[in-house]
Amino acid sequence: MPGHGNGTGDDAAPRLGVAVVGAGYWGPNLARNFAASGAWDLVALCDLDLDRASRLARSVGRVDVVGSVDDLLARDDVDAVAIATPARTHHGIVMSALRAGKHVVVEKPLAESGVQAREMVDLAQEQGLVLMTDHTYCYTPAVQRIRELVHDGVLGDILYIDSVRINLGIVQPDVDVLWDLAPHDLSILDFILPGGLRPVGVAAHGADPLGAGKACMAYLTLPLPDGAIAHVHVNWMSPTKIRQMVVGGSERTLVWDDLNPQQRLSVYDRGVDLARRGGDERAAATVSYRLGDTWSPALPEREALAAMVDEFAASIRERRAARTDGHAGARVLGILEAGSTSLLQAGTLVKMQQSDDKVGMVA
Amino acid sequence: MPGHGNGTGDDAAPRLGVAVVGAGYWGPNLARNFAASGAWDLVALCDLDLDRASRLARSVGRVDVVGSVDDLLARDDVDAVAIATPARTHHGIVMSALRAGKHVVVEKPLAESGVQAREMVDLAQEQGLVLMTDHTYCYTPAVQRIRELVHDGVLGDILYIDSVRINLGIVQPDVDVLWDLAPHDLSILDFILPGGLRPVGVAAHGADPLGAGKACMAYLTLPLPDGAIAHVHVNWMSPTKIRQMVVGGSERTLVWDDLNPQQRLSVYDRGVDLARRGGDERAAATVSYRLGDTWSPALPEREALAAMVDEFAASIRERRAARTDGHAGARVLGILEAGSTSLLQAGTLVKMQQSDDKVGMVA
Amino acid sequence: MPGHGNGTGDDAAPRLGVAVVGAGYWGPNLARNFAASGAWDLVALCDLDLDRASRLARSVGRVDVVGSVDDLLARDDVDAVAIATPARTHHGIVMSALRAGKHVVVEKPLAESGVQAREMVDLAQEQGLVLMTDHTYCYTPAVQRIRELVHDGVLGDILYIDSVRINLGIVQPDVDVLWDLAPHDLSILDFILPGGLRPVGVAAHGADPLGAGKACMAYLTLPLPDGAIAHVHVNWMSPTKIRQMVVGGSERTLVWDDLNPQQRLSVYDRGVDLARRGGDERAAATVSYRLGDTWSPALPEREALAAMVDEFAASIRERRAARTDGHAGARVLGILEAGSTSLLQAGTLVKMQQSDDKVGMVA
Amino acid sequence: MPGHGNGTGDDAAPRLGVAVVGAGYWGPNLARNFAASGAWDLVALCDLDLDRASRLARSVGRVDVVGSVDDLLARDDVDAVAIATPARTHHGIVMSALRAGKHVVVEKPLAESGVQAREMVDLAQEQGLVLMTDHTYCYTPAVQRIRELVHDGVLGDILYIDSVRINLGIVQPDVDVLWDLAPHDLSILDFILPGGLRPVGVAAHGADPLGAGKACMAYLTLPLPDGAIAHVHVNWMSPTKIRQMVVGGSERTLVWDDLNPQQRLSVYDRGVDLARRGGDERAAATVSYRLGDTWSPALPEREALAAMVDEFAASIRERRAARTDGHAGARVLGILEAGSTSLLQAGTLVKMQQSDDKVGMVA
C-alpha cells in the first residue's frame, strides 16, 4: 500500500517514500525535485560511487546512501524508485524493482529496445504498479498547454504536425542525430495527441555529409491515421538554433516557438476551409479562407521536473497510468527503431502495427 | 544571324527582335521588360484574343499585334520568341518556333513532361538555337548572389540544403502543392549548384488532410552525390508565411530569409569540423566547432525579369547556353515527375539517372 | 445642400460632386479613390498645368479639366473640393472654397501655420461646412482598430504612448525631420486619444550631427493631462527601419509594429497594478503584476484613402465634423510649431493652451 | 607594494590579497570570482552578520571571516577590498579603506552623491591607490567589443546613441526608474565613448501615470560636444522587454540587441553622406546613401565579473587607472543627479561642467 509512513488517517495524504538510483548527470535534478515536493519523502540515494552519492545526499538534506540496488529494493520505506542510470542498465534495474513491488519512473530512453520496453510494461501491468517514463519536456508549461488545447478541441482535428529541432550540436559519440534529438519531438507528439502517437508507418531520410560515421541530420515522416502527417527535422549542423513545432488543426493552428520567451505559443484562427457541394457526383469543392485573430496564452513559470514528480505521485495514489507511462516510452522507442530501419533502407516506409498496447514495426 | 536590324557594324550591338506569345497573366510582365531593355526590340505580341493583345500593345508602345503563331514565326524581324501561354501548349509552340529558327524563352514549366522537355532540348541543340526556361526567381539579386557565393567556394562543399516555402495558399484546381510551389525551390537549387541539381533519387511524402483530392503539403527529399542532401517543405495550410532556404557548406552556411528585407542573406562562419586522426585503423574523429562572425551582404535593387531578359540576349549573342537553359527546365520537370511517382508509392525513393544531358527516372 | 444631382428622394443617397485641385504627387491618389467611390461623382480636376491634369483625367474616366480655381469654385456640380497643392497655397485656396460654399478636404499639412489653420477652422464653422484634414494614416485598418480599442476602454486609461519612426531617410531640402516625420505620429495620436491630442506642453530635443543645417533626428516629449506622457522619436539616420508605437493603458497595453504584416497589432494583458492600502497616512502601495494572454486582432485589407473618402462623404451627409477635421489639423500644426520653438530653446518645455477649439502655445 | 605574499621574484606575478565586504546579494558573486581568479587570493570576508559571512566563506574555500571593517583594514595580507554593502555606507568604508592604503573596487553606485564620489576620487589620487567602480555591464563581451569598435574608429565619429531599456519591472521602493535602470546605460556610454561620457547638459522627462510617487518611465537626453546626442529611454511599465542600443557613427552604425543571443551585435555599413560643394557661399549639400553589408562579430563566452576582477588586478599592477575608475563612477552619479534636477524642472536642460576630472552640474 502506498505511504510507508504513519497511516494516521490525516486529511493530508501521507508522503510516499522514494529513492533515486544514479547520482550522475540527471539524478541530482530528480533528487532535488523529490526533496522539494510535498508528496514525497526522499529516503535514499543509490550509486555504486558512494562518494558521489554522499555529496548529493548532503546537498538535499538527510538522506540515506546505499551502494547496492538489492539493498535498496529490500527497504520497506521505499515505495518507488527513480532510475537515472545509463540506458543499458534500465531493463535490469526496472525489472528487479517491479518484482520487488516498487513503482518506477525511468529517465528516457525507457530501455535499449522496444522488446525490452514491452517486457517492462507487461511486468508492471501484472504487478499492478506504475511504470512511468520521465519525458521531462512534456511537463513544461508550454507542452502542458498544447495538450490541453488539443484535447479540448480548440484546434479541431489535427491535420499535420511539423517539428524542427536544429542547432549547432555536438556530434555524439554513441548515437546518431535521430536518437539524440528526435526523442524529444516524439515524446511530445505522443503526449499531445489523444491516444498517443500511433503512426501507420515511419520513413526516415538522413545524411552524413561530414563523414562522421552516423546521420548528422535527419527527416522523419510519420503518416498518421485519417490522412494526417507528422514530420520531424533534426540537425546537428545548423548555424541557427530553431525549436519550433506547428500543430495544424481543422479549426485553428498552433505554433510553438520555444526560443521566444515573449510569445512561446501562438494560436492562429486561420486556415483553409473546404466546403463540399452536396449531390454532385464529383463533389466539387469550394475553398475559402479564414484570417482571424491570433492569440498567445500566458504560461505559468514552473519547473518541468516538479510537475513530473507530482504526476508520478498522483498516478500512484489514484491507481492509474501516469501521463507519460511505460507505453508512451515503448511507443517512442518503437518509432525510433523503425526510423533506424528506414534510414538503412533509403527511406522506405516501415509499416507500424497498431494494436492497443503494442506499438512496433510489422514483423 | 542575331540582329534583324541594321547590320551597320556599329560598336553597340544591334538590338534583337523579340515577340511575346500570350498576353494573359505573365505575358505583360515579359512585354514590359523586353520593351524597357536596351538589348531588345519588342516587335510583336501574339494572342488568339486580339483585343487583349491590343490593349497590351498600347501600354508598351508601338508593337504589332498578331493573331497567329504561324504568321509570327514567318516574320524576319523576329529573332526570338518569349512564350507565356498555358503549359499544355508549350511543347507545340516551342517545337514550331525552333523549327522556324527562332531562339525561345518559355515560362515555366518548360513543358508538361520530361519527355516533351527533352525533345525540345534536343531540337534546340540540333538547330543551334538558345532554348531558355524563364526560372524568374533565379534572376533575383538574392539568388544571383547565392550562386556566386556557392560557385566562388565561399561556402565550401555543399553539405545540405533545406528549403521551406509555406503559407496559407490557394488550393489550386489543377495541380497539387508539389507542382505549385516546389518548382521555385527546384529551379533555384538547379541554378545555384555547380553542374545543376542532379539528385541520385527523389522521395516525396505528402498529405491531403483536408480531403482536397490532392496533396496540400509535401516533403521532398533529394539525396545528392557525395552524401549531401536537399529537402524541400511546401505547404498550403500554414498560418504563417515562411520563405527560407539554408545552404549548409563545409566552410560556411548561408541562410536566405526572403521575407526579411532588412537582412535577406546571412552567411554564418559557423560549423562543425571533423578532424581525423591519421594512421589509426578506426579513424577516430575529433569534433570541433567554429563560432565565427556572421555577414550579410548588401543586395542591389533590380527587377528579376530585367536580368532574365538580359541573360537571354547575352546567351544568344555569345552563342552559349543560357544560365537557366532547356536542360535546367527538363531537370526540374524530371524531378517533379519522380516526386509524383514517389508520392504514389508511399515515399519510396525513385532513383534518377545521371547522364549528362538527360535527367529522369531510371526506367 | 449636399447632392448636386437628382434630388429624387431615392433610398440611395445621391452622389456628391467633388473636384480635385492639384494633379501632382498626391492628387492622382485622391482622384482615383473619389472615382472609385459609390458616394462621390468626381466631376472635375483642376491644375495650372492643363496637360498634367488631362493625363490624370483620362486615367480616371470622364472628368472635366479646369485651369482656374475660380472657375472651378463657380460650378454648381461641385459640392466639395479636395486640395492637393503645395502647402503654402492651402490657406488661400481653402478660404476661397469655403467662401464659395464648398466642403473641403486638404492634404496635410492643413496650412503653413497654426494661425492660418485656425482662421480656416473658424470660417468653416461660420459657413457650416465640413473642413477635413487628410491625415491618411488614420484611415489605415490598424489605426482605425487602435482608435476603437482605446475608445471602447479595452486599454483602460492611457498612461503613456511611445512612438518610434526611424529609418535611413532622405534629408529633405525644405523641412527638418520633425516636420517631415512627426506629423504622422501626431495625427495618429490626435486620432486615437479621446478628445484629441492636447498636451500641457511640448519639449523637443534634436541633433544635426551631419551638419545638414537642420535637425536630422529629434525626440518630442508631450506631457499629457492626468500625468500621462507621449514621446515621439524620429530619425533620418537609422540603419534599421522601425515603425512602432506602444500605447500603454491601465488595463492593457497595445504594441503596433507596422512593419510586421503577420502581427501588426498585439494587445498585452500585462501590467503593473498599484493597490493602495487605505487608512494609512503614508499610503503605502503594494505593487502586483499581471502576466496575461496576448491577443492579435485580425485586420481587414482596405486602402486607407478609400476609407478617408467615405468619411468625408459621411461627415457632409450627417452634418457633423469629420473624424480628422480642421481642428485636428490645427492641433497637429500647433504642436509642431511648439516643437520647433522648443528645439531653438534647448528643449525647454513650451506650455500649450487648452481651450476647446484653440490649441497653441501660450502667448 | 602589491603582492602580500612571497616576494620571490618568480616570473609569475605574486597574487594580490583581497577581501570582500558585504555578504548579501552581490558579495557572493564577487567572492566567487575573486576565488576563481589566478590573480587574486581571497583572504577574508567581512559582514556584520557573521553567520551569513561564514556560510559564504564555506562555499568559496578557506577564507577568514571578519566582523569589523577596522579589523579587516588593519590586516597586512589585504591589498585590496571589494565593497558590496548598501550604497549609503560606500563613502565611509571607501574613505577608511583608502586611508588604510587599500585599493578599492565598489559596487555601483559609487556613492550617494557626486560630491561624495569626488571626495573619494580625490583621496584615491592623493594616496596613489586604485579606486574602481564595478560597472559590471561594461565587462560583458558585447560591451567590450563595442568599446573596441568605437575606439578603433570602425564606426567613425559618433553621431548619436539611442538606448532603450524597458520591461515590466518592479516599482522599486527607494529609487525611481531613472536611478534604477539608467545607471546601466550611462556607465556603458561612459565606457565606450573615448574620454568618457561628458554631456554639455542633461534633460530628463518622466512620468508617474500609476501614481507610484516616483517616475516609472523616463527619457534622458544628453547633448554631447560636437553636435552629437545621446538619449536613454527607461521604463518599468512596458509589456515587452527591450534592451537595445544604437550607436550611430559617421562611417558605420552599430545595433546592440542584448536579447538576441544569435546576433547580439550588428554593424551596418549604411548611412547618409553629406558631400559639400566647396567654394559656394551657401555651401549647398548633396546627400547620398550607403547601403553596404551588415556584419555581426562573434563574441566569446565569458562571465563579466571575471573580466572585471582581472581588470582590477591589472590596473593595480600596472599602476594605472582602471577602465571603470572612480571618475567614471562620479561622472555617472553627476549625470543622474542632473537628471533628477531636470525632472523636477519640467525637463529643462541642466548644464554640465566639463573640467577634466570633475563632472557635475554647473553651480
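A, B, C and D label the chains in the order they appear, each numbered from 1.
Basically, a contact is a pair of C-beta atoms (placed from the backbone, for glycine too) under 8 Å apart; a residue touches a chain by one contact, two chains touch by 3 or more.
This one's a predicted model, so the numbers in the text were calculated from it and none came from an experiment.
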Higher-contact pair (C-beta pairs counted), B-C versus B-D: B-D
Which chain lies the greatest distance away from subunit C when centres are computed from Cα atoms alone? A
Indicate the whole-number Å distance between the mean C-alpha point of subunit B and the mean C-alpha point of subunit D. 55
Just give me the whole-number Å value for how far the CA centre of subunit A lies from that of subunit B. 43
Quick check on subunit A: which residues sit in contact with 2+ other chains? 240, 291
The answer for subunit B against subunit D in the complex is residues 263, 266, 269, 291-298
Residue numbers of subunit A touching subunit B in their complex, please. 157, 159-160, 162, 168-171, 201, 203, 205-213, 216-217, 219, 221, 223, 226-229, 231, 233, 235-240, 246, 248, 250, 253, 255, 268, 270-272, 274, 285, 287, 289, 291, 346-349
Quick one: which bits of subunit C touch subunit B in the complex? Just the residue numbers, please. 240-241, 262
